[in-house]
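Two complexes, one shared chain (chain A), two partners (chain B, chain C).
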Partner chain A sequence: MQLTIITDLNKCVGCKSCQVSCKEHNTGGSFGPVPDQDPYADPDGMWWNRIVGMEGGEYPEADVLYLPKACMHCYDAPCVPVCPTGASFKREDNGVVLVDYDSCIGCQLCMWACPYGVREFDEHQGVVKKCTLCIDRIEDETLAPEDRQPACVQSCPTHARTYGDLDDPDSEVARLVAEQRGFQLLPELGANPAVHYLPRRPVASAVDDSKLDSLLTGRY
Partner chain B sequence: MRPTGPLLLMTGLQGLAGGVFVVLAILGFVAAPGFLHSATPGFLALLGLVLVAGGGLASTFHMHRRAAAKFILRRLKSSWLSREVATTAPFGAAAALSVLVSLVHPVAPGLERGLFIATALLGLLAMWVTAMIYATIPAMLSWRTPTTVAAMMGTGLVAGGVWAWALLVVVSRTSDTGLAIALVWALLALAVLKGVQGRVFRRARVQVESGQQMGMPGRRYRLADSGTSRTPYRTQPQVWRPLTDEERQRARGPLAIAAVLTAVLLMASGSSPVAVLAVVTAAAGVYYERWLFFADATHSSSIWLTSGAASPWEPTRKSVP
Partner chain C sequence: MAIRQETVDPTTVPSTRTVHTTCYMCACRCGLEVRVEDNRVRFIKGIAEHPVNKGVWCAKGGAGIMTQYSPARLTTPLMRDPDAPRGQGGLKPVDWDTALATLAGWLGNIRDTDPRRLAYFTGRDQMQAFNGFWAQQFGTPNWAAHGGFCSVNMAAGGMYSVGGSMWEFGWPDLDESRWFLLAGVAEDHPSNPLKLSIAALKDRGGRFVVLNPVKSGYGALADEWVPIRPGTDGALFMAFMHVLVEEGLIDREFLARYTNAAHLVRVAPGSAGDGLFARDAEGQPLVLGPDGRPRPYLEAAGQGALEGEAVLDGQRVRPALALLLDRLKSATPRWAEALTDVPRRTIVRLALEMADAAFNHPVELPIPWTDVYGQHYDTTVGRPVAFHAMRGLAAHTNGFQTIRGLFTLMMLLGAIDRPGGFLYKSPYPKPVPPPVKPAHGPHDYEPKRAASGPILGYPTSPDDLLVDGDRPLRIDESYSWKYPLAAHGAIQNVIRNAHDGIPYPIDTLMVYMANLAWNSTWNTLDTRAMLTAQDEGSGQYRIPHVVVFDAYDSETVQFADLVLPDTTYLERWDATSLLDRPISEPDGPADSIRQPVVPPPPGVAPTADVLIEMANRLRLPRFVDEDGEPLYRNYADFVQGWETEPGSGVGLLAGFRGADGEGELVGEPNPDQLQAYATHRAFWRLHLPPGGRYFRMANRDYLAWAADKKFIREPAPIVLNLYSEPLQTFRLAGQGFWPGQRPSNPHLAARLARYMDPLASWYPPLEDTLPGAEAFPLRILTQRPMTHYHSWGSMNAWLRQLLHENPVFINPVLAQSLSLVDGQWVWVESRLGRMTARVRLSEAVEPGTVWTWNAIAKGPGAWGLHPDAPEATRAVLVNHIIPDVSPLEGPGIFFNNDPVTGQAGWYDTRVRIYPSDVHEVWPKVTAVPPRRPAAVRQPRLAYTTHPDNPHATGAPDLLHHVGTARPTDQ
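Coming up: the complex of A and B.
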């Protein structure tokens, strides 16, 4: 079993509700707190899920893309073997990569090893923290079944994020990846991340060739 | 990545100690017959011990939660950091034994020579393992090359050799010309190696700045909002703010000056002031070399944090206020 989250980049509008709900849940959850350096003045702190904003193309055919980026729960997680104390580990039963704070010495080598920069260093506790796939929610049998999913998935207003078992060919996530050509970030680095993204579908340009010259002239 | 003091100290001092013991082991064979009966080997071993102990002490400051240090050997099978502890500790123990044998309780020259060789080999092993920590991280695009191992070990060996030469000058009031010439040649080889490493670092920067398309297939994208804290990314020390060309030159300049000055001092007639100056220039060289190694390194995640800064595609809206 390999639990994962699939994000449809066609649906993500960059509202950051997943980022905020992650922070809210995990600051008060079993793995919290997720600290800020100075939360009431200049937020410069820890986020386990960050939304990267990108721009593509040139005016007038420019577009924006939002990439929610959290732990990829890689099949060959490079952060795990480098950890000298065994604090970073990958669960054999569900593939979730976790950190045991009691064993972590805060050497940060796992942060160097992670190709995606999704591990964060907690200066207060001296340990490295990261997305847990809300393991405390998904394994909490006191919760209703619809609540047993990561906070970021549950809070997404456009349903861009889908949670499930990638190793189960009948699961929705496996179907989405197979049918819509889900892709991984930086596959050349060999981590084989479980988290996939569904690529942008081409959208017909709103500007035809006849209007292009006049638009560019007006702009410049 | 962020070049923290403990990182610079622990890697720098361990290399210097390794260099000192390699010189001591070589001198055990090639020096005059009376060398092993004099106090000089003891002083050299003491210098090496102080250096390796200093490196060990610095490593404890690199740990941010020492309470878990007792678990550090758990991942010997896969973690080069576990292996570093497992090799540096015996190196330190052998260094202490060398001091004991040379200064406190002399033994037969053959046994002493063997101990120095064993210590030097343990030192080389510890240096190699330390370098492998950095050279085996695929995400550190600047480091994943054999050049990293060669340059790290070479820097330690040459600088440690210069320190050993300086101690010999202070003790004997004359310069060991053979050792000085060998060190100048080694310095020259190291300069070439650093040039090669500079190209690797530059290639890594270019790869991140222009070639990765923000990790997205197909269309090219440029960074508009990193979604992260401001530089120097307090919670993400695997990346640091990218160095400007000016900053890079400001660090390379002193490094080159330190190397040239060290070579000149090695060729000068041996006197205590010259030796002390050589110690200072070699230490400065190690500091600047190591600072550049960490500060100028490019991590793959930089593409989502700093990419675009040096690209012709400037972001239309800066994420950094």
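Coming up: the complex of A and C.
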């Protein structure tokens, strides 16, 4: 089993709902707090999920893209073997990559090893923190079924995020990746991330170019 | 002491609990489920069954936790030390007895002498129905919310066209649409509902076209981005219509049956009847029947001719559509291309795309219905072409007519209240315009009396204006010859007029949740100076008293003489109402409540409770009985007990009415209504039967039901206004032919004649017509980021991290032509003045536009932030350079407003940019000392609700903050 989150970039408007709902849950969750330095001065806070905004192309064909970036829960997670204490580990039963704060010594080697820059260091607590896929929600059997998913998936206002088991070919996430040409970030680095993104799928104009040409010359 | 606030008693409720309520982080009003642990907010999420957000929640919604615990909270009443100058601090804590007695003294004196001397203006107020009623009972005409700045052009443009408008009043049906144009909206207005709808469109593979000078937010998902020169959207809509007409791609049946396109308009220039409809003896508008003879419109049952002309009683008459078609002849794609910068080819193609969706791919739903003519249909056929627009169109001085153009386009496509098109939200549609008029009689606002009618409404002729000759009767000059259809008031005019004593001096300016001294104003520095200006002779302030109600320490608080600290939305009883800005969905009416989730800090009180206490002390008519005894102890009482008229059965909340709580929409007040909502996830909704969901302006069964439920007064058809006869009456007044009230000043008359056009039109934004406009060749725009929509956010420890400084974005082509490079400091100069900013190059903005984020900059020391916070040192406030007045010829001052509605034309601002050797934010304002010096220096915030987490460092605990007084009489 490999649990994961798929984000459909054809539906992400960059609203940061997922960024905040992550912090909202996790700061009070089992792996919290998710602290903020100088919160009312020049703030520098910890976020386990950050939305990256990008611009591409040239006016007027400019592309604007938003991409939520958190732990990729890689199949071959580079953060795991570099950890000198075994604090950074990948769960065998569901593929979720976690940090055991009790054995983390704060050396931050895992932060250097991570190709995606999604691990953050809590100087006060002396440990590395990151997305847990809301493991304390998905495994909490006292929660209602709709709450047993990552907060960022539940909150997403465009339903751009889908959670599930990528190893189950019948799952929604596996189907989306297969049918919509889901892709990984930086696959060439070999970490084989479980997190995938679905590409933009533009809808073309229904108006025929040659008809337009004749109208423009004839009438307009 | 007498504020009888009802709140959470931590000693009687479990310390860990789940409470349903309604969000207030923006104006969407999503349903929230709040988890409380140890009496602190653990988690906020959406309610899955809620009509507005359907279970999702945005960045703002989740971050509500940090709004609750912000150190910007005001926690005690404050009064200015009489020896301290206004605006320079000097606010001292006082007890509630003193605060209430002071306010009651000022208000009582005003009401006994001249109630107009109270100006009460509110910002992002979500209890406008209550506030308007309060102002009416007080007897002042000078009340409004923030619509004059925000989007009155959208509201009025829709109401005068189709008896509904966008957002709260109507919605693009993206569950059924194939083609969607989003104009002048990028990140907000609204939030979750629009995101959900866009997602639905994307799921179905619909085509998404975005018309905006800037590509961001929702625009990122556009299948086609159409950059446009700001202020020219109306020209584009005219050109779309030109192409549709030329190609014969308009819904003639829809126009004839449901709009006034066939109404015969008298063509008699130079006479009192010119441009008015020809009517029969009963006053019914006439159309030309198939036999060429005039017949009443309804009798003709959609058979009226749309073109041609006739002579009636010796007078030439033409169908309204014929006049529109004449108008459209010159609105060619070539004409629009030159104005908009949208290529001619794109204009023609987009017109053909929308027509293809509308006419080649009609939606047919298996829903039978019957129209007002008695015609039965086995199915409901829709035109799957939808539009949504907001402030990008509205905040221009040609915004009203631009929005008229958009609704006219939708009428030509037959896409009003049909599947896949624009759908009304209950209680809309209303007659066009809704039949509510502002009280406008000469004796309507007199001492010791309530106003004789509502304060705001929709004039239908010059005789409905609030004028005495040419002189306005309102402090903001709403409903004057300058701004005749100012249906939301004109908050942006208030401070200058009050300062100048135009049309008369006031005594007290009362402000609720509006940041009038900073980002909800224009020409900010002068506005702040006007707030502190004194008469040279007497030394008295030009505005003698300023009262601020707010929960947070905004820049406006420091200009107050008296500050009344409000509760947050998680601390009080409250209601969203069908009588206000509804939260209904297209498939039926809905409303909701707020209930106390956590106890407030001692020392604060809900503003509505304070206003009810004032009403009781002043014995305002419908707040007390014949013996002067209070009818309502507090707002919770009011929400449950008040009716529009005694015995009407219509109150603020439509659900759970009547003694048994079973009534819906109409029913006796229910003293347990709020509890009923509380146990039903804090909302109520009703699904209209499928046969009553479409064509509601002419749906026989729906109209009968709507009249029974008092949405409308009678079950008469609602005729859409392709042609606006009310607008024409004003034009006649300008031309000197209207038999009733007319302006005597020729400039006022010319303004009416020019802009009160009964047909959609486009004219250049007024800024473009001023001498010297070319010296400022660029347009500057602002928009709200999604994380700060409706501006609240900078006092929120999480949201402010997402955005706390703002460069100005310009196209690299423009940068190159001006020899500017990325990151460079520049001057941004308008005709009013200049400010510094840093340039950021972006391909996602059209080259004639400069844009930045709105309201990220904060005054140093305000909002519970460190005075050196980036919001004060690295963020820029465009309001400084937005001109508030226009040098137009005429009597007195003209504000930079739309000449129809008085909407502030702040997106018209023209600028030039050039390198600056000042490398910091300028202009500066004086820093004020933060109210909580320790909190703004807090080095680490690590919020949890688990007291045993050793790594937690909490938010400032306002529950244990020192308050001078409790506002309750416990």
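We adopt the following convention: the second predicted complex is superposed on the first by the 201 of 220 C-alpha atoms of A that agree within 3 Å, B and C clash if a C-alpha of one lies under 4 Å from a C-alpha of the other, contacts with A are read in each partner's own complex, and residues count from 1 in each chain.
Definition applied: a residue touches a chain if its C-beta (ideal position, glycine included) is under 8 Å from a C-beta of that chain, and two chains touch if they have at least 3 such contacts.
Computed from a prediction, not measured in an experiment: that's the story for all the values here.
*Asks:* Could you look at A:Ala41 and tell me whether it touches chain B, chain C, both or neither (first, second, both, neither)?
*Replies:* A:Ala41 sits against chain C, while chain B stays out of touch.
*Asks:* Mind working out whether A:Gln19 is in touch with chain B, chain C, both or neither, as first, second, both or neither?
*Replies:* both
*Asks:* Which holds for A:Val64: it touches chain B only (first), chain C only (second), both, or neither?
*Replies:* A:Val64: touches chain B and chain C.
*Asks:* Check whether A:Leu143 is in contact with chain B, with chain C, with both or with neither, and answer first, second, both or neither.
*Replies:* Neither chain B nor chain C is touched by A:Leu143.
*Asks:* Return first, second, both or neither, reflecting whether A:Glu55 touches chain B, chain C, both chains, or no partner chain.
*Replies:* After superposition on chain A, A:Glu55 lies in contact with both partners, chain B and chain C.
*Asks:* Is A:Ala178 touching anything from chain B or chain C once the two structures are fitted on A? First, second, both or neither.
*Replies:* In the superposed model, A:Ala178 contacts neither chain B nor chain C.
*Asks:* According to the stated criteria, A:Gln125 is in contact with first (chain B), second (chain C), both, or neither; which is it?
*Replies:* In the superposition, A:Gln125 touches chain B and chain C alike.
*Asks:* Output the chain A positions appearing in both contact lists, the one against chain B and the one against chain C.
*Replies:* 16, 19, 37, 43-45, 47, 55-57, 64-65, 122, 125, 200
*Asks:* If you look only at chain A, which of its residues touch chain B in the complex?
*Replies:* So the residues of chain A in touch with chain B come to 16, 19, 37, 43-47, 50-57, 64-65, 67, 69, 78, 81-87, 102-109, 111-123, 125-127, 183, 185-186, 189-191, 199-200.
*Asks:* Which residues of chain C touch chain A in the complex?
*Replies:* 37, 42-46, 48, 53, 55-63, 65, 71, 191-192, 195-196, 198-199, 202, 205-208, 215-221, 223-225, 227, 243, 246, 332-334, 344-345, 348-349, 352-353, 356-357, 786-787, 797-802, 804, 811-813, 842-847, 864-866, 868-870, 935-946, 949, 951-953
*Asks:* How about chain B: which of its residues touch chain A in the complex?
*Replies:* That would be residues 1, 62-66, 68-69, 71-75, 78-82, 85, 133, 137-140, 212, 214-230, 234-239, 299-302, 304-305, 315-316, 319 of chain B.
*Asks:* Show me the residue ranges of chain A that touch chain C in the complex, using the header's touch definition.
*Replies:* Of all residues in chain A, those touching chain C are 10-17, 19-21, 23-25, 27-28, 32-45, 47, 55-60, 62-66, 122, 124-125, 146, 151, 154-160, 200-207, 211-212, 215-216, 219-220.
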